[in-house]
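Next up is a structure, given as structure tokens.
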């Protein structure tokens, strides 16, 4: 079987397993999975820039928020329906990531981290500043009646689960395909040795900008999905912790792997859940991870066992 | 209050912010500059300083000045030792790899923050200042009989607040003397410049790193001890200092302590002063975007030496 | 019609804060030649090559590649016009397999056609004798093998011009021999510009040489001519 087919088969198996989960798992866990899948999309978007291209952003909450408020404000204030709302969220994220990419990519390394952090902070503060529209920290809620797409009520738990799964699968397959294209391979080359990639004739700046835009738009999709499926938008989602979470999920699950972001999100979610919100446990796990499994869960699996893992 | 006096107050408040920010940021500049590690837990060492000050002064009781002196001496010491051991036990074993260090220090952040929540509680606790005298501030006006000085109502500050500024300056001067005139300072600077050469000269680099890490944390803790009578101790108070310290260090330029202090002055003062003209939120947005733009067009910061 | 000289510079100058690292260099490299650029340490060779490849912007002067002016073009664009470049300190993708290293070089030209890419990679590995190491991580190879890999990555681009920056540095004697054979094998297929310190290699494989000293061209000519040149001797032995 060719490498590509194996990858798609693995992803298809993953999706199938998630379908089965809905019917097999108790309601509580199935509900969690819907939330986890939405945030896994965010993590997958982040992974594209960090895991594959090697650019560490500390400001992805800006893109998540752009999607969230793009959809949220369009529906809440503009009165549009879910379909155009999703479009609004995506366009908002696309534009914001384009602008941030254009400016921030003039820097590298730590300066890049701080610049992205600053843009995200400015975004968070802007949400607070325009509180008359965004309701700031308190946020706003989308009425259940509006959260329907093509006649399907998305506030219903089953519909919500499968909507999240649909989006998750779409992004998973997209990334699985992308990382095996010449473009995707070049991103890895940039991560591994940027100067060598440049001197092979690749336009590094253009590749990085495309990576930022794709990464930002996928993150925005997650934000829009969250707002649509769970019905709320709050300033907290644009604050610094929400920029750190995807980094954490990706590092935990395995950076530069397609399924790592999902594994990391799942792991972190249940770690916090089981420790009763006691972040100290999470803290110790992270330190242990850094010491003993630096490539993340799937990263270590790929290193030691399944070398073809995408 | 009129505009002039209002601005003067804002300047004073800004100076205090800048003073504490300078201490905290210099602490970060040492670890960041010397060890090249991004310590996400730096803000938590700041918070621990404030929490420790509360514990010490509550335990000692009596006149607040006693507790204050004890806190100033012991809090940075304890927290410095804590940080040094974290470096020795964890960071050293990671070989200071950038990504692993970020993960580990995020873990440390959670551990310390949660520990403070458990041990100290979720509420903000006040700490009494060792001394506090109201000092009325004069303002000037062109009156009928020429240049007049008067004391506008509400324009006053506090002797302790002024003390903070002087204390911070003294500490920074002391640090400068240590870094430039003592052997240990020389060793630290040598290790920062060229780690491999330092090893070749027999400098125990790993011990220097532990010392540096401890010193950086101690400085942050000291800054918190100074500000806690003004601000109150709170288990989440590390967030803002972390953010601001990083900004200051990068803007000032990696590897430049002088740049860090100047950037702290710039950012600490401007935040307060811009807030006079615009709403605080808008002021913060402007400041944030300004920081971003400085880096976009001058990635090495104001005084930095090339890229890292 | 293809230009006679594949590479030309006119008055190429690089000034760093008042100091001329390169001054008014006129240079011409005939298509098909194996040409060596030599000079004592500090002569400005690295700066010159930097300006040729596009990694260093010129202060003054022009660079022409295959008849077109490329002075303002960024490095990656020049490479894509048909230049291959190997670094002074070998630079490969250490954590990627040898195959993938070559594939990355190939893909920029052949793009999405997986079968064609695979075939080309096989061909290149065959030619440089690395078929057995195809799935090893590049970083696990010996330094000499990494150098060969890097040259292979250059070959994969079917370059018009091959710039080799100190290719024999760090190589053991048998590896140097292998390298000389490779150069002779490539002769006529592409134009080669060598920046070298190893005089044996230079004298044996080069058709012509340019000698730089103090940032300027000191001499040009065939190996024999350069060997006889008194100025060149003086420059190397110190004094000029």
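Worth a mention:
By letter and in written order, the chains are A, B and C; residue numbering begins at 1 in each of them.
What we mean here is this: a contact is a pair of C-beta atoms (placed from the backbone, for glycine too) under 8 Å apart; a residue touches a chain by one contact, two chains touch by 3 or more.
Source: prediction; values computed, not measured.
With chains as nodes and touching pairs as edges, the resulting graph is an open line. A simple rule picks the central chain: find each chain's mean C-alpha point, then take the one closest to the mean of all protein C-alpha atoms, which gives A. Once the centre of each chain is set as its mean CA position, subunit A and subunit B turn out to be 33 Å apart.
Once the centre of each chain is set as its mean CA position, subunit A and subunit C turn out to be 43 Å apart.
The distance from the centre of subunit B to the centre of subunit C, with each centre set as the mean of the Cα atoms, comes to 51 Å.
Every residue of subunit A that touches subunit C in the complex is listed here, in rising order: 181-182, 185-186, 188-189, 192-193, 195-204. By the touch criterion given at the top, residues 53, 55, 75-77, 79-80, 85, 87, 91-96, 100, 103-105, 107-108, 111-112, 153, 157 of subunit C touch subunit A in their complex. Residues 56, 103-104, 106-111, 113-115, 117-119, 121-122, 125-126, 128-129, 240, 244, 247-248, 251, 255, 278-280, 282-287, 289-291, 294 of subunit A are the ones that touch subunit B when the two sit in their complex. By the touch rule above, subunit B contacts subunit A in their complex via residues 38, 90, 93-94, 97, 99-104, 106-115, 118, 239, 243, 246-247, 250, 254, 279, 281-282, 284-285, 288-289, 291-293, 295-297, 299-300, 307-308.
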